[in-house]
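Structures are listed in the sections that come next.
Look for chain A in each of the two complexes below; its partner is chain B in the first and chain C in the second.
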Partner chain A sequence: MKTVTFALAIAILSQVAGNRLASAQDAVEIMSKSHLAYYYAGNDGMSEVNMKIVDKKGSERVREFAMLRLDTEDGGDQKYYTYFRKPSDVSRIAFMVHKNSTGNDQRWIYVPSVDLVKPIAADDKNSSFVGSDFTYEDVSGRHWNEDSHTLVREDAVDAKPVFVIESTPKKAYKGFAKRISFIDKSTFLPIREEYYDDKGELGRVLRAEKIDVIDGITTVTVRSMENVKKGSKTTVSFTSIKYNIGLKPDLFAERYLKNPPRDYIKQ
Partner chain B sequence: MKTSRLISKIVAAAVVTLFAGAPLLAEDLQIGGFIQGLYGGKLQERKLTPSDYSASEMRLQLRLETSSGDADLFGRVDFVYDDVTDPEYQWELREGYLKYTLFRKVDFKIGRQILTWGTGDLVFINDLFAKDYESFFAGRDDQYLKAPQTAIRTEYYSPVGALSIVWTPRFTPNRTPTGERFSYYNPMMQSFTGGPPYALASRPADRWENSEIAARFQRGVGNYTVELYAYRGFFKNPLGFNPVTVSAYYPKLFAYGASVRGQLLSGILWLEGGYYDSREDRCGAKPFVPNSSVMGLIGYERQIATDLTGNIQYQADFMEDYDQYELNLIGTEKRDELRSLITSRLTRNFRMETVQLSSFVFWSPSDEDVYYRFSLLYKYNDALTLTVGGNLFDGQKMYTDFGSFAKNDNLYAKMTYGF
Partner chain C sequence: MKGSLTNLSTRHPWIVIAVAVAITLFFASQFPKIKIDTDPENMLPEDSPARLFDLATKSDFNLYDFIAVGVVTERDAFNPDLLNRIYRITSEIAEIDGVMVEDLLAPSTVDDIKQGDAGALVIEPLMQSEISSQDEADYIFSRIQANPILRGKLASDDRKAIALFVPIESKTMSHRIAKEISALTERLGGPEEYHIAGLPVAENSFGAEMFSQMAYSAPAAFAIIFLLLLLFFRKIVVILAPMVVAIMSVVWSMGLLIMLGFTVHIMSSMIPIFLIPIAVLNSIHIISEFHDRYKKYKHKETTIRHSIGELFVPMLFTSATTVAGFASLMTTPIPPVQVFGAFVAFGVLIAWFLSLTLNPAIGILVPDRTLRNFGRADDAHGPMSTFLHKVRDFAANHSKAIIVASAAVVVVSAFGLLKLQVNDNPVKWFKESHPIRRADMVMNKHLAGTYMNYLVLDGSDADALKSPAVVRYMEVLQRDLEKDPIVGATTGLPDIVKKVRFELFGADSSKLAIPDSQDEIAQLLFLFEMSGGDPDDLFKFVTQEYDKANLWVQLRDGDNLAVSRVVKRAEDYLAHNPLPEGVTAQWAGLPYINIEWQKQMVSGMRSSFLGSYLVVFLMMVILFRSIRWGIISMLPLTITVTAIYGFIGYIGRPYDMPVAVLSALTLGLSIDFAIHFIERLRMIVAREGNFLRAYHEVFEGAGRAIIRNILVISIGFVPMLFSNLVPYVTVGLFFLSIMIVSGVVTLVLLPAVAVAMQKQLFRKLPSPAPSDARAETR
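What follows is the complex of A and B.
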């Protein structure tokens, strides 16, 4: 009798452990697929971006910029180029990031009114991107290897079947203590992300507001980030999106920081 | 015939003509700019200058940009009503240039332009392009620290590196206090001086041999950018004195230097060195011409916390032939052989980058003088920005760099509407 109970217990335990392992593996796979779909669509891409920042009092600020992206390696290093159009005080400023998936990113800014090229100390990926509710990391992505993932359940958001994944940073991180992602089962795009702080309080919510198919690639064309605590919200709309346009790596260098590449960035 | 001056005029005329014709060529014309009011008052009781104000001006800047194929045309022009200076109405073409790429390898920028290179933060060794210290001290926007030069810039890109050559036909000096807006120390009178007659240094004659040439070679090495520099021209400040005409002038200068800049740990490190070869006083015996000197700069910047960035710099300036300098010195206003300067910048952003507090201190332990700048900026919305700030100087001696401006402490308020 005892033996039977023991054997049963072992069987149940290993079943549970097996399930958990499977779910962890699945979760990592889902998150890596999602990361690639969201941040690495195509080999490169370009778009015009409109960023609307609304604070808790309802006052609105708008940034407009053109953005180029080139993937050095899927899931790995990337290069970003941003050319600001609005508002007036930042217009014509160019900004470049060499995203390093294994170390610190490199960032440069070009201020045309003083003809100044300056590398920027980029220690804190969690700082705000141009005063919005998005961080630098939200723009370029946080590698899935930096967090542990668990498939919590399967659910539906706006009638779309989703995986619900809970992620916790492997190393203490001030960006969030826990993140719940709702990943579309068919496209692997994040439909919603909830960021919780170390007290378990909800800090920010990312929403995919609009999804379109562009050049055969399913793309979030409007996304928003709400800072629940601050009461502010930033909505980003992407237009004139193009993928696989053949951007060259040498475009992401000081020469083009000073001289925006007119083949891609019109006035 | 003043050839280089003529060239400058032709270049300017060509740029203006191109602009007039630009809308016909271009797909579209971008227009922007700002309107700005700047008012500042001096803090000292003993006023040396005609006006008690460090600034009292209204400025309209118009920005025009268009491109067509490989060519970009850009213009930036300021219209100013200024109570402090005479004449009150002024305008200036801040930038007006044509940018053109040849064979995808060479970039030309021709016309009136702002030029910058080197690694220092508000400290310059190999950047021998014109600066406007009067604007800098008055609280104008950062873009006014640089004065425009009418020049031709050629940049050639190859796998080995990038070579830039800037030719400025007509020598363009720094804009330094003349006694009209700000007082300065006058070594002739051994006192702070302001009011007319204003300090005017004589420029070198407009001749081919007096044009300025600046060159830079740049190459990336790993995560670092390595640069070599050379300059042939004149000291940008009127550091020479002609006892015959009793006037200040710009002595001849050759300069050579190098810099390296890149990421170290979580911040940015920069190192720069330079040698100023004072061509008119190569053995250091002339009391009215600066000696040659060797300069070095080290700086480091990092993000201290979210929304807080800081940097620190140390600059050393070592005079050559110091014994000759001491031997031939007239008067008692002696500088140290090794001049040192420490600077630090702190920038803190608040409320989603709509409020910015900024502080910058220059302190020279050898000269025992200090210059402190600070500002508080509030972006009311995308168009409207309000700024208050100040510029404070102090020194143990009247004749040092910052000590000589000790009577110019000021506070200012600025309102900018961008469009």
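What follows is the complex of A and C.
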């Protein structure tokens, strides 16, 4: 009797362990696919962006900018160029990020009123992006290797079947202690992400508000980030989206900060 | 009325007692519903403009009240050990429930704006992690010194003090959070001193300590009064009645207050302390009278009826004047003072009513045999009698000198009144030895100040505050305000603009100025947000729409007088240097709210006091049916008020909230002795038809009762003099001085006036000349 019980226990345990292993592998694969679908669509891309920041009192700030992106390598380095249009007193501010998948990013800003390009520190990827509820990392992506992932369950969000993945940073990170991602099974786009702090409290929620197919690529065209604790919410809408337009790496050089590339950015 | 009430009580004592007990139990049953509110802000009505604006400012700029934690050491505070301890304490403080973590200001949480590698602009926390070397500690200090937004606020220039500012969700949590922080610093701190200061802590802790103080002071006063009465009358059964009357009037009025849904505020918590002595006063007169007459009649009911018969009118008037004094507080514009006045007035009425009903009812039940030896045992030979006779003769023999001396006292006091300084500061409601008071002194000596006021500039239109003219105006205004020694620091939008500009241009000090173009200001602030600056930090100083800006004016002194001086300074500046077109300025913050309600209080108390003074005078004229007697009866009150407040003026003690409210008590109490004395002097003169005999007798009856009252009340409040809370000491001192001054004036000046003006005052009497009175008393 005892031996039978023991054998059964071994069997069950190995089964559970095997499942866990399998699900961990699946989870990492899902997250890498999702990362590529979300942050590396096409070889490059451009769009006009409208960003609306609403604080808990309901007062609203709007930023409008054009954005160019060029992937050096899928899942690896990227270059971003941002040209501000509104508010009008900050129009012509240009901002460039060289995302370095193995080290610190590099960031530069051009301040037109004093005609000066200034490098700005990029150590803290968790800081706010232009005062919104998005962080720099939300904009350019956090590499899937930095977190451990577990497939918690399969579920449905808005009638779309999703994988529910729980991610925890491998190294202690102040951005979040746990993230739950709801990944669309067909497009691998994140439909929803929940960020929890070290007390297990929900801090922020990302939502894909609108999804369209552009140039054959399924794209989240409206996304929002709600800061549950602060009661604020930022909604970002992308328009005039184009992919694979053939951006050249030299567009992402310091001199273009002062004079934006006219072929892509109309002033 | 007096007859029927007393008859009812002496005939059906058990019914009267049963009804009184039933009502008392009913009101006592309301006590569990008590709602406590210790926020001095509620001294202003909720919809007062100053409070509404303060609330709007807090919401516009996401501001919270804060607790200031000071770390002070005799040696250098900037060493790795101490900074690491503060680092750990800060992270634990962040875990406390109710602390607004995002807004916590400490070396490990505030952002520094500086030059990074390759001329990059860096915004990052001043102290990112625990440190290991003295160099790192020195670097942190140098960064604080280099940042006008932090300098003097986070650390003292002499490196001996570091401050943490802990914003809290609600002021009402500050006492609890302060205690939790104390526990933390106790556990994690080293040899350095930790201090916890700030108005919210002072105000909230005062509330907490006040109730423990009440729980000790009221029973202590009660016990002492009981013992003194026992000493005078020697029979517990006899003094039981007044004590029961006192307790019942307290229970009824507090019960009603709670039942009607009023909160028990700092003021209303003092109701028992005010009611107990007032309630006992009447009873002492009754027992005194009973005590002194019982020997004569040897019959309880007759004695009771006679005592009450003689005392009914004076008691009615002493109660009515006290009611008038406290009820007048209802005309002040300060809700807690109104409630306090109304319910003390109610309690006094109840005490009066119970003295006339419950007192005799209990008295009639006392078996005759227990009263066998009761009566004026010390008759004409006890020490009190000897003393009274001396006073009596002194007044008669030196009447003119006494009158002249009294006039001199009034004149001298009047000059003192001119020196009265209106001032208050909730922190100073604690004695100097109290930790909150010490924290206040130490931190404000070393750092930029624990009192925070806000000056809000409203530009009406969006982006108005990005205008160079407006930002520059603010900058110059800041420099002007900082000229006042109590302004420890000012922080505002100009500081951020200048600091970002300075760092943008590679720490070029020639760029440490407000730029000329609006776009540049806008872009500098945008740069701040782009480079990792927390937008929430920025929006503590300006709204997101840039239509309003908030200048933080940090003060080292929370005295209303000092705060008013700074407010006045700003007003003068604004008057001489008109604000840019379309911009208005307005103050917010707790210190400002305190000066606002103080203004209301001072003018409110003045008119309420003058009003009730007039009412009391009219009552006296009606009571004595004589303007002349009315004026004379006002002498003890007038002299007591001018002497006490004149004295306060001379010693430089500020005229604060408790002192102001106590004018009602002074008014209500110091007229009482005069009423008893004059009413009974006139009654006896009418009965005996002889001034001299009446003059002697009034000292035996009313005089003795007055001395007993003075002793009972003034000694009964001695425990309050040892309180840790200054307002309680003040109340104790007032009871003491009201009793002594008005008692002395009544027993010395009034007889002197009566003797000196005998002819005019008792015209109908064929009385002997004053010289005869003098001769006989010798």
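Methods note: the second predicted complex is superposed on the first by the 260 of 267 C-alpha atoms of A that agree within 3 Å, B and C clash if a C-alpha of one lies under 4 Å from a C-alpha of the other, contacts with A are read in each partner's own complex, and residues count from 1 in each chain.
We take it that a contact is a pair of C-beta atoms (placed from the backbone, for glycine too) under 8 Å apart; a residue touches a chain by one contact, two chains touch by 3 or more.
Please read all numbers here as calculations on a predicted model, not as lab measurements.
Superposition of the two structures on chain A leads chain B and chain C into a clash. In the superposition on chain A, A:Asp89 makes contact with both chain B and chain C. In the superposition on chain A, A:Pro249 makes contact with neither chain B nor chain C. Touch criterion met: A:Lys57 reaches chain C, while chain B stays clear of it.
More residues of chain A are in touch with B than with the other of chain B and chain C. In the overlay built on the shared chain, the residue A:Gly76 is in contact with neither chain B nor chain C.
When the two complexes are overlaid on their common chain A, residue A:Ile109 makes contact with chain C while staying clear of chain B.
By the document's definition of touching, of the two partners only chain B reaches A:Asn259; chain C does not.
With chain A as the common frame, the single stretch of chain B that clashes into chain C is 309-317; none of the other options in 75-83, 309-317 or 363-371 do.
In the superposition on chain A, the residues of chain A touched by chain B in one structure and by chain C in the other are 53, 55, 59, 61, 87, 89, 113-114, 116, 119-121, 123-124, 127-128, 130-131, 230. Residue ranges on chain A touching chain B, taken from their complex, read 53, 55, 59, 61-62, 86-89, 91-92, 104, 106, 113-116, 119-124, 126-128, 130-133, 174, 230, 232, 254-255, 259, 262, 266-267. Within the complex formed with chain A, the chain C residues making contact are 59, 102, 116, 118-124, 463, 466, 504-505, 515, 517-520, 522-524, 526-527, 529-532, 534-536, 538, 543-545.
Touching chain C in their complex are the following residues of chain A: 53, 55, 57, 59, 61, 87, 89-90, 93, 95, 109, 111-114, 116, 118-121, 123-124, 127-128, 130-131, 230. Those residues of chain B lying in contact with chain A across their complex are 27-28, 30, 32-34, 65-67, 70, 72, 76, 99, 101, 107, 113-116, 141-143, 145-146, 155, 157, 162, 218, 223, 225, 261-263, 266-268, 301-303, 305-307, 309, 349, 352-354, 379, 381-383, 385, 416, 418-419.
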